[in-house]
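The same chain A turns up in both complexes below, where it pairs with chain B and then with chain C.
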Partner chain A sequence: MFKTEKISETTIVIYTSKSLDNSNAHEMTAALSEAQEAGYRYIIIDMRELEFLSSAGVGSILGVLGRSREDGGDIILCNVRDRILHILGVLDLCDFLTIKQDESAAREFCLAKDV
Partner chain B sequence: MHIDTNRWYKILVPVDLDEGAIEGFFGELEVVLEERPDEVLIDCSHLDHATSGHINLLWEAQTKCDGAGAAMRLVSVRYGLERVLRVLDLYDLFTIGYDRVEVGTQPRQGSTESGISLELEFKASMAGINDALSRFHDFLVRLGVPGTTAFDLEIVFYEVATNIRRHSGLSETDLIAFTATPENDKISLRFADSGEPFDPTSASIDFDPRKAIRSKQTNGIGLTMIQRLVDGIRYRRVGERLNVVTLTKCVR
Partner chain C sequence: MTTKAAHVGDQKTSSLASSQGSEWQALALDSLSRLIRQFCEKPDFELLIEVLLMTFCGQFSVADSLAVLKKPSPQPEGQSFFATGGFRDNVMLTSIRMSHEDWESFARLDDVIDPEIGMGAREACETINLLAQQGVKLICPLVHNRAIFGIIGLGGKVTGKGFSRVDIDLLRTLVKSITPLVASYYLYWQIADLNKWYLTVLDSVGQGVLVFDRTQRLRKINRAALELLETLGLRVSNATELIGSDIKAIFAENVFGGWADRIIECATKGRESMSLRILAKHNDEQRVLNACITRMPETSEIGAACVVTLEDITGQVADQERLFELTKLAEKGLMAASIAHELNNFVGVILGGTELVEMALEEGNIGYARDRIAKLKGNMARLRNFTAGLTDYAKLKKGKQACDLNRVVSDLVAYVAAQGQFRGIDLNMDLAEDLPDVMVDPDAIAQVLVNLLNNATDAIKQAARMNGRIEIRTWVEEGLLCLSVSDNGVGIPSDVRDRLFIENVTTKEHGHGFGLVTCSKIIADHDGTIEVESEVGKGSAFTIKLPQSPLT
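Take a look at the complex of A and B:
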């Protein structure tokens, strides 16, 4: 289970563990879907702990990102380490994901969008 | 913790050497030596930084093993410990090698023309894959492969192994054979399994991020990652039973 923190009625943060791979990708999908079901339009995924990202981990985010955007929200990644950015870059995903430097920048982004 | 399998045992060296930890380590070693093992593996995987206390502990363990007639081998030795052992001229006094991965695995350290190769056999279970990945990580560290390249190789290892597990129809106890061979400025990874034919080169690498997000894509991403992270990939079906995937990557 991933730790979560409610920021506002529309924004929640999910904190990843050290790896997001075949062992827990389904849990991430479930956590994201649950947050969407609960009405959070903006979901921040804080990756400060993340050291290993497999294709299953990428898929767990891509599989639900569309729904947040269809609902007028977004999934925002923050505190992403270089090696994780590198993997996202290999898939040409960096330009299509919302990635912020840190949690504070991610929160500001959500607040600005939510007014 | 020690693993009792076919007369070999593994004991983890504690990072913090307080009195309790040292007593615990030697207490465990004593129990192990009473079993008259062929070999005792001393797991140094947590020792990124080795202190004189750790060296003393290893030396005392070596003395106890010698006294009991058991071979002792340091495994998962990281650079920090290796450097300290070399500086103190103690490196050659210990046997240092690769770890055993799981019951039934036979990792070997063999010489090639231009360096050292790593050979592993691991179970097609997630535990087997993760354990083998950890050994592969240690191998890359010892080879001095640069960080990003090493990370790419670890991702490739994980994706290929999990793809074999997913598509080959192997059971959790079937084995996957793996060899990593450095050759000049590249490294070659070879996976062999006896599952259903599955050609990872058959998939297209035309991954479209925009389309992937729109279509909520969750599958097929691994093959794209593999193909983009290596410089060469080849698949062969050998006879009726064997899949062989060979991947190469420049490490310069």
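Take a look at the complex of A and C:
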């Protein structure tokens, strides 16, 4: 299970553990879907702990990203390490995903969008 | 509808040369190796497919992917559908049912295809069209041992770009790497599913089912058997505890007496299937169980030697006993009515004859009076024969004794033949000359015969036959004494025939249906069998077979 923190009525933060791979990708999908069901349009995924991101981990985010955007919201990644950024770059996803430097930048982004 | 689909296998590249390609491949293979390791620790097939689909999503930067897997051929349903992302909730996709022709089409496509590029009419199929319409951009068949067992489908890239040659190469490589694992565990999943299904069915059966191996150890027991054994004092927390127990421990001596040996005997020799009525005692309460022991063929590879089914029929037996007593009362009532009717006929004739003699004497017609008196004597002689027959019948002792079955038959037929209901019916006997004596209760066997003869007469009357015929035969066959009563009456419909001896069914307008149940009960008490062959409109034949028990 991933730790979560409610920021506002529309925004929630999900903190990843050290790895997001086959062993917990389905749990990430479940956590994201649950947050969407609960009405959080903006979901911040704080990756400060994340050391390994597998393609299954990426898939767990991509599979539910469309729903947030359809609802006028987004899934925002923050505190992403260089190694993880490189992986996302290789997958050509850096421009597609919303990636912020740190948690405060992510929160500001959500607040600005949620006005 | 125009089909748009095409192979893209011709775009193969010899290697993933670019550094980007290597990164992709490394990421994918790392992900897959972790997936396999995780799956080996926790073999959850549905989770495997879910994570596999997520891996494809992440690997190819797509939000949606799906897998359609063909179930093994003996399965009644055709396929399983798995999906992630938007495909998961896509009603059109979740409802797809690929036909045999569709699978054939996919089987011809042994490489990645892009349904939108264009495809020859020969390979076209509705499913490919449907997949394309719902956003599937790449399809890769899962081929194992040269047979297709599923497909993987990918949606469009989230970046909006198209799939590159490197993408297609990688998809092909990944799918080929993962296919043996998916195929093996898909089969394993199906078998586990099938096993679960069979166990559910077995546990739903009302009869107790026990399966023993060749060493007479328990291999399988269903819920009903467990509950039955528990009512007989067996104390176990679950069925698993009993697996491996010896048959003699299951059918314990203190509860089942020596029945375990009898069951073993039935399971190892003699007929393939045997039915026994066995007695079990627990806490001074006796239970009656119907046991059917079926021996498995020697060639059976399932490791089972015999299957024993058990049914507690204590209540049924008590009901049958009550029914039997009621039926005997009913039969006695019917017999009394029949005797009264016959006696009344004789008395009527004698009274009428006496009046004629009286009138003749008053008129002084001595010759006529003598003639009437002679006829009266004849009638009274017949009356004496009739009452003598009744006396003989009443003298028959109750209980089993060494009997000449032919004698029982001929005495009874001589008695009943005088009754009015058999007039006009050709009553024939074909009795074997060398019939050995048999231990039977002659009273009971006579009751069976009365029932069968009455039924035959009624059947002939229902058919309105002018040439009614009843034939009674005795013979010896395979060491059994056989007795048959056949008629050319209306016959018995097949749906009634199957239930004749177990339920109170009747084809007669005023019948109660007790008669044949009683017959069956009596013959069962003699360890014999009663069977019927019948053809509607032509007649019926009831055959009784009795064992030649020692004359003690």
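In this text, the second predicted complex is superposed on the first by the 115 of 115 C-alpha atoms of A that agree within 3 Å, B and C clash if a C-alpha of one lies under 4 Å from a C-alpha of the other, contacts with A are read in each partner's own complex, and residues count from 1 in each chain.
Definition applied: contacts are C-beta pairs under 8 Å (C-beta built on N, C-alpha and C of every residue); 3 or more make two chains touch, one makes a residue touch a chain.
Just so you know, these numbers come straight off a predicted model, no measurement behind them.
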Touching partner for A:Leu85 - first (chain B), second (chain C), both, neither: neither
Chain B versus chain C as contact partner of A:His26, first or second or both or neither: second
First (chain B), second (chain C), both or neither touched by A:Leu111: neither
Which of chain B and chain C A:Gly63 touches, first, second, both or neither: both
First (chain B), second (chain C), both or neither touched by A:Ile7: neither
Touching both chain C and chain B, counted on chain A across the two superposed complexes: 21-23, 29, 54-56, 58-60, 62-67, 87, 90-93, 95-96
Residue ranges of chain B touching chain A (in the complex, touch as defined): 126, 130, 147-148, 151-152, 154-155, 158-159, 162, 207, 209-210, 212-219, 221-222, 224-225, 228-229
For the chain C and chain A complex, residues of the former touching the latter: 20, 23-24, 27-28, 30-31, 34-35, 38, 47, 50-51, 53-59, 61-65, 84-86, 88, 157-159, 161
In the complex with chain C, residue positions of chain A that touch it: 21-23, 25-26, 29, 54-60, 62-67, 87, 90-93, 95-96
Chain B contact footprint on chain A (complex, rising order): 21-23, 29, 52, 54-56, 58-60, 62-67, 69, 83, 86-87, 90-93, 95-96
